[in-house]
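Consider the two complexes below, in which subunit A is the common component and subunit B and subunit C are the respective partners.
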Partner chain A sequence: MVAYIARRLATGLVLAVLVTLITFLLLSTSFDRVVAAVLGPAATPALIGPTKERMGLDRPVLVQYLDWLGHTVRGDFGTSYFTSEDVVHAVTGRLGVTLSIILIALVISVVVSVALGVLSAARGGVADRVAQGLSLVGHLVPGLLIAIGLVFALAINLQLLPATGYTPLAEDPGRWAATIAIPVIVLVVSGIANMTAQIRGSMIDELRKDYVRTLRSRGIPTRSIVYRHALRNAAGPALTVLSLEFLQMFGAALIIENVFALPGFGSYAFNASIQGDVPIIMGVTVFSVLMVVSLNLVADLVNGWLNPKARIH
Partner chain B sequence: MSVETLTAEQKPVAPRRSAARRLLKDPQALITGGLLLVIVVLGVFAPLLSGHGANDSSLDAVNAGAGTPGYPLGGDHSGRDIWARLLYSIRTSAVSAVVATTVALLVGVTFGLVGGYFSRRIRGITEWVFSLVMTFPGILLLIVLMPVTKGDVRVTMAIFGVLLSPSIYRLVRNLVVGVRNELYVDAARVSGLPVRRILRRHVLVVVRGPIIIATAFLMGSAIGVQAGLAFLGVGSSTVPSFGSMISDGFRNLYVDPWQFAWPALLLGFITASLVLLGNALRDALEGSRPKPVKIAAGPRQEPEAGESTGDLLTVRDLAIAYPTPSGELREVVSGVSLTVAASETVGVAGESGSGKTQTAFAVLGLLPAEAVVTKGSIRLHGRELLGLGERELRRVRGHSIAYVPQEPMSNLDPSFTVGAQLVEGVQASCGISRREAKERVLALLARVGIQDPERTFGCYPHEISGGMAQRVLIAGAVASEPELLIADEPTTALDVTVQAEILDLLRDLQRESGMAVLLVTHNFGVVADICDRVVVMRQGAVVETDTTLNVFRGPAHPYTRTLLESILDGSTVRTDPPVAATAGREQ
Partner chain C sequence: MHVRSRKARWTVTAVVVAALLPLTSCGAPASTPPGSATLTLGVQAPPNSFDPVQLLEGQQMYIWSAIYDTLLYSDNDAVLRPNAAESWQYSDDARKLTLKLRSGMKFSSGAPVTAAAVKTTIDRTKTTPGPLQSNLGSLQSVEAPDDGTVVLNLSRPDPNLLGSLAQGNGVIGDPATLTSPNTALDPVGSGPYTLDRQATVNGSKYVLQRRVDYWNAAAYPAKTVTVRVIPDRTALFNALLSGEVDAGSVDANQAQAAQKAGLTLKRVDGTAVGEFVLADRGGKLAPALADVRVRRAINMAFDRKKIVDKIIGGLGQPTTQMFNPKSPAYIPELNDKYPYDPAAARRLMAEAGYANGFSLTIPANVMSQMVQPTITQALADIGITANWKPVPPQDGTQTGEYPVYFNIAGTVPAPRTVNSKLAPAGSTNPFKFQTPELNALIDKAAATTDADQAGEIYRQINTYVVDNAWFAPLFTSSSNWVTRGKVTFLGTGANPLSTIRTFDAGK
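Let's turn to the complex of A and B:
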């Protein structure tokens, strides 16, 4: 078990190195612009050369990358070219805002889509029509439009919620909840659309299997067959969707943060990219890759716990 | 005949044509497809349809209202023609969709074919590469790489295409792995057809439908993501795009909501049409989507009046039908009558498709939800079972009737230990404590011939053999001490040597407990082995009912005779000659 986790983490690290290397190689093609941006309006061709040298951007790309990697593994992610802010501090601060939105949205989506997906698969009828309708709507309308529509309706017309801005949880929990409410709703709509369909599908697959009939033949109550047996077997495929859904929400959150002017990961990464703030771009990349890797590991471990065939001894 | 001509005949021309015809009759496909076509045409003829370029700005037109001469939908905050910008934005969306989808398909299909068709090792490599691609945080990467792409729509969408490719890769790989082992692909391979040709002619045909469906969805997500990025400001400000229009309009919302509404509506129409078109394509190419599985008793039926015979089980004039796609009912069992007396072993014999398993399921009340019992009666001790609710049926199943299935492995829940499944059944039917139930299950496992009951009790189904699994299932069935055991081909899926042991076990259990057994089988050897009487079924009807001895001695129906001839040539199940069969042959 420990060996398995260690092996998975090692592969994860290799992945992280590869992803950051590729990103760095791609970024290196535009280092001249970065230097120009750092110098600002004062940039002249005469100044660019020496500045590039001072920043170490004139060295061979691989050397630069290894240098960055060496510092990074020691926990030194560097500082922003523009604000001199410590990268780790800056990135983790922003990540908190984005992750809180995503995790809340994910939990709500999971609860609703499991309930809806199971009801829809095992009962049919109204529950099935509601589930199918919801998942259609979630797919039909781009999240961006749902976001703006909700701002228009709830914040501007009804004045129920603040349209934009962010209040930290520690400052005022009530206002915090109000500021993230609409972004969370937007993510939940698409989350439910994706996961309900998946859970409904795998529940239908399970309920059609032979063992369900055999369990019924022994007089076992329907409730136990649906919730204990079929749901547990359907959870494996659903879990894969869950980790993909997390990634998708992460991407969507980047755009939605912008609509609501939330000081999250996305807007931060966006500004860093526009400026060409290489240390921050690299830090953002490392954190997101590590997040994906650990998420996949957790998904696999839970799957192993659920599915005895995949269990690691 | 060469493989070439064979495959020419196998090409699924007819279904393809009918799928296209279904599509043309489907209003959803027609409307969404038509709408998309109109939108694309508008984009193509943008210069003809609008007097202004997308970026022409005029101070006179700043926030001009709709209907201003030359500005049918008005002007935006920098005095640009909204109508012209909408038309040119269609072009940007179309380019995004085409670039991203083309890249995703090229990468995904190529590697899917390679990874699916060739050796495990190559698949290992492609798997790894695509799991690497999936680790890239999609939209974030597109933002991060802005200094590299310089916001060019085509470059950005090409990268997005690569990020989309894992889904296509997985789709194609799974389909190819499935088709790779088909006989006709084997034949092509053996006959020395070049790999490239096999992939193109045989494998691509299979993946074509799912790819067409996926393309619609890919285009939708490419257009959505492009708009989202442009909304953020990724991309050149001179390229008109729904995203940048929505962003401008959003900022100008209080001045003129229509500046926001037009691009939002058009974008919404386009992505919604693509999703709906994709759904219509799926229905046309892959048939209907899966329906819910309702766990409930069949439709309530008025019990027919009938005198109680003294038998344990009386099935009278039973008919079962299934709805066809066109809505009519097709009978699979038509008017079957049979009886089982207490402690009697009755065989139901016939080929597959003769309705024998359907009859058995009907007695158990376990027909699939879509099955309809159109007439007849099933009585246990004179009590009508048809029309009972699920709760009452559950009591009957837990106490009086038990079931041994055909395929042992698929009839055990893979996620629970053997013991846990059996204990739950015992508790449900007997209402005893968990500890007592466990003891009972261990005793039963020992009784059905499992060497180490404690160990098997803690095993998961995949850890035991097929023969063991069948013993476990028999233990689960007899746990409730039923009066009637329905065994559906209980030995068919097992090794020949194990078959005989399982039959012996069933016979011993039947003698010990005095339960009746209804044994569904296609094998007259099995019938000869343990059945007192036999019911021969063909095409949903009973053709002959008699004692086993009589049937073997002189089959009345020609069909029975054919069945017997196909069995009694020395290939019976047992190594020692079955008693009844020998008796039949000797006389």
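Let's turn to the complex of A and C:
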């Protein structure tokens, strides 16, 4: 088990190196423009040359990359070209905002979609149709539209929640909850839509299997069959969807953060790439890769815990 | 004071403490009771580094101009006023500028503001590559003969210099912290506010607290200024509607909705020029552009009135000029110079030997998007084929790679327009195009220290540039400022600089 985790983590690190190398190579083609952007509107070729040299961007690309890697391994991710903000500080600060929204949205989505999915698979009938209807609506209505509607209703008309901005949890828990409420609702709607359908599907598959019939014939109560046996087996595919959902929410966060003016990870990464802020882009890449790798690892481990067949020894 | 009894000593202590209390707790000196209002401003882009050599003008200036003092101050009518410099005087040949500093100014660190600090800051900007360096091209040396006097020696008269000293180049940094890495995020200045690092979230929210010991605190009615970065226009609008932000600029369609919601709307005309820049006038990449008839033909191909009505929703005015409509250089009659007349334009093209037209490569970016179809159509009408080349938003178009480009630029004071767009070494004169006639006019304007005379020369410059069709300006656009509550917007469009003195926070 330990060897397995170590192997997975090692693969993750190799992946991180590869992804950052490719990112760096892609960025290296526009270093001149990055320097011009740093210099601002007054950039002239006469200024760009020396500045590029001062920033060390004139060296061979591989040397620069290895230099960056060397510093990164020691925890020094550098500072932003434009604001001089420390990359680790900047990225973790913004990651905190995004994660606080996504994790809460994810927990709510899981609880609600498991309940809905199991209910509609086990009961069928009206419950099933309602759950499917909800899921369909969640799929069809774009999150952005829900966001705008909720802001208009709850923030502007009723003035119940703030329309924009973020207050850190440590500063004021009440305001924190208020600032993330609408973004969380928006993510939860699509999260529930995606996961309910998945859980319902795998539950129906499980409930049709032979072992369920055997259990029934033995007189095991339905509740026990559904929760102890079928749900446990259906959890595997649902877990995969869950980890995908997490990543999808990260992508959706970019839009959500813009609509609510939240200082989050997505909008930060987006702006850094528009500006060509190389140290920030690289930092964002490292954090994203590590997050995806560890998330997949956790998903696999949980899967193994749920399903002995998927266990790795 | 000699205090005899123990009781008396206690009384004195109590009086002293009571006298000090308001100073420390409320932070307002008794002599000048400025307002205690707060102002929350919504801007669209986060500021760069606050290092004085990295300062950018535009909306970022709201923050840094509150932290740093500038030597001069450009008021809301774009008239230069004393600020950190109480007075200034040019020598007769306009090659020596002497500034007298106000006495008693202090940095937020407590250190006094001296001429040496001014010299250190300007010298550093002059020698460090950055956005402000090019404004100091004429500067030869800075002297600080005594604590209150700064002398700038110039290699040539520079009409752009005074204006620059009211902006980034006039900032006074604290020599003790200027080169510290902290300056980028936590600057020390002598301005009316200090940055509240505790409450500030980089890239998202900047909180400024007014200094109690600032010499001109009365000019800043807001005790606390919060600048919130809200890149999305709808989000900014929502923040205005819900009262999270007191002031911000909005789109034309949002302006009406804001008014209906009971907010104050102020439309400011002429804040930017939408310009189709015929940069390659020398014909380096597009030989046809060297012919003034072709450039005039392009000017006559555009139906400017229709562009204003249909593309920018009536929120602007047609123009053929690059200058700020409120600057002395602007001549309303020049706008009749190139009426929309494709037939006449085609005749001009034929005269120039381009009856069969030619093609132009034009960069397509976020800014050009809305006018691309119109430009393509207008040029096609006179035989010119537009080949749009997509350019990512972070890439410049004023680089000398493109013979023409569309740009929307803020209207700056006339000397700055000349300095950047028309001067041979101008930063937005990508082909460094020049003519002896215009150079002579530019030099003449530079050597003139009399404002009326200078205004006349700028009008001549403008007439020359429009006559020779150096550009094909299409429209000046307006801004819509929405404010709520007691906050009012004081800008007139004459001064495009973003300082918090364009807002009155009320009492």
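Here is the rule we use: the second predicted complex is superposed on the first by the 313 of 313 C-alpha atoms of A that agree within 3 Å, B and C clash if a C-alpha of one lies under 4 Å from a C-alpha of the other, contacts with A are read in each partner's own complex, and residues count from 1 in each chain.
The rule we apply is simple: a residue touches a chain if its C-beta (ideal position, glycine included) is under 8 Å from a C-beta of that chain, and two chains touch if they have at least 3 such contacts.
This is a predicted model, so every value here is computed, not measured.
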- Message: Should subunit B and subunit C be called a clash or a fit once both complexes are overlaid on subunit A?
- Response: clash
- Message: Once chain A of both complexes is superposed, is A:39 in touch with subunit B (first), subunit C (second), both, or neither?
- Response: second
- Is A:240 contacted by the first partner subunit B, the second partner subunit C, both or neither? neither
- Query: Which of the two partners, first being subunit B and second being subunit C, lies in contact with A:120: first, second, both, or neither?
  - Reply: first
- In the three-chain superposition, say which chain, subunit B or subunit C, touches more residues of subunit A. B
- Message: If we overlay the two complexes on their shared chain A, which of subunit B and subunit C does A:156 touch? Say first, second, both or neither.
- Response: both
- Task: In the overlay, answer first, second, both or neither for which of subunit B and subunit C A:100 touches.
- Result: neither
- Query: Touching A:258 in the superposition: subunit B (first), subunit C (second), both, neither?
  - Reply: both
- Message: Looking at A:276, would you say it contacts subunit B, subunit C, both, or neither? Reply first, second, both or neither.
- Response: both
- Task: Figure out whether A:142 sits in contact with subunit B (first) or subunit C (second), or with both, or with neither.
- Result: first
- Task: Could you say whether A:15 touches subunit B, subunit C, both of them, or neither, answering first, second, both or neither?
- Result: first
- The shared contact residues of subunit A with subunit B and subunit C are 30, 33-34, 148, 152, 156, 258-259, 274, 276
- Note on the structure: Residue positions on subunit C within touch of subunit A in the complex are 46-49, 51, 56, 129-135, 181, 184-185, 201-205, 228-232, 234-236, 238-239, 241-245, 393-396, 399, 420, 427-428
- In the complex formed with subunit C, which residues of subunit A make contact? 30, 33-34, 36-37, 39-44, 47, 50-51, 54, 79, 82-85, 90, 93, 148, 151-152, 155-156, 159, 162-166, 258-263, 267-268, 271, 274-276
- Task: Under the touch definition given earlier, write down the residues of subunit A that touch subunit B in their complex.
- Result: 15, 18-19, 23, 26-27, 29-30, 33-34, 120-125, 128, 136, 139-145, 148, 152, 156, 200-201, 204-205, 207-222, 224-226, 229, 232-233, 247-248, 250-252, 254-255, 258-259, 265-266, 269-270, 273-274, 276, 281, 284-285, 288-289, 291-293, 306-309
- Residue ranges of subunit B touching subunit A (in the complex, touch as defined): 132, 134-141, 143-148, 224, 227-229, 231-234, 243, 246, 250, 253, 260, 264, 267-268, 271-272, 275-276, 279, 290-295, 361, 364, 366, 390, 394-395, 397-399, 401-403, 405, 407, 410-416, 421, 424-425, 428-429, 460, 462, 473, 476-477, 479-480
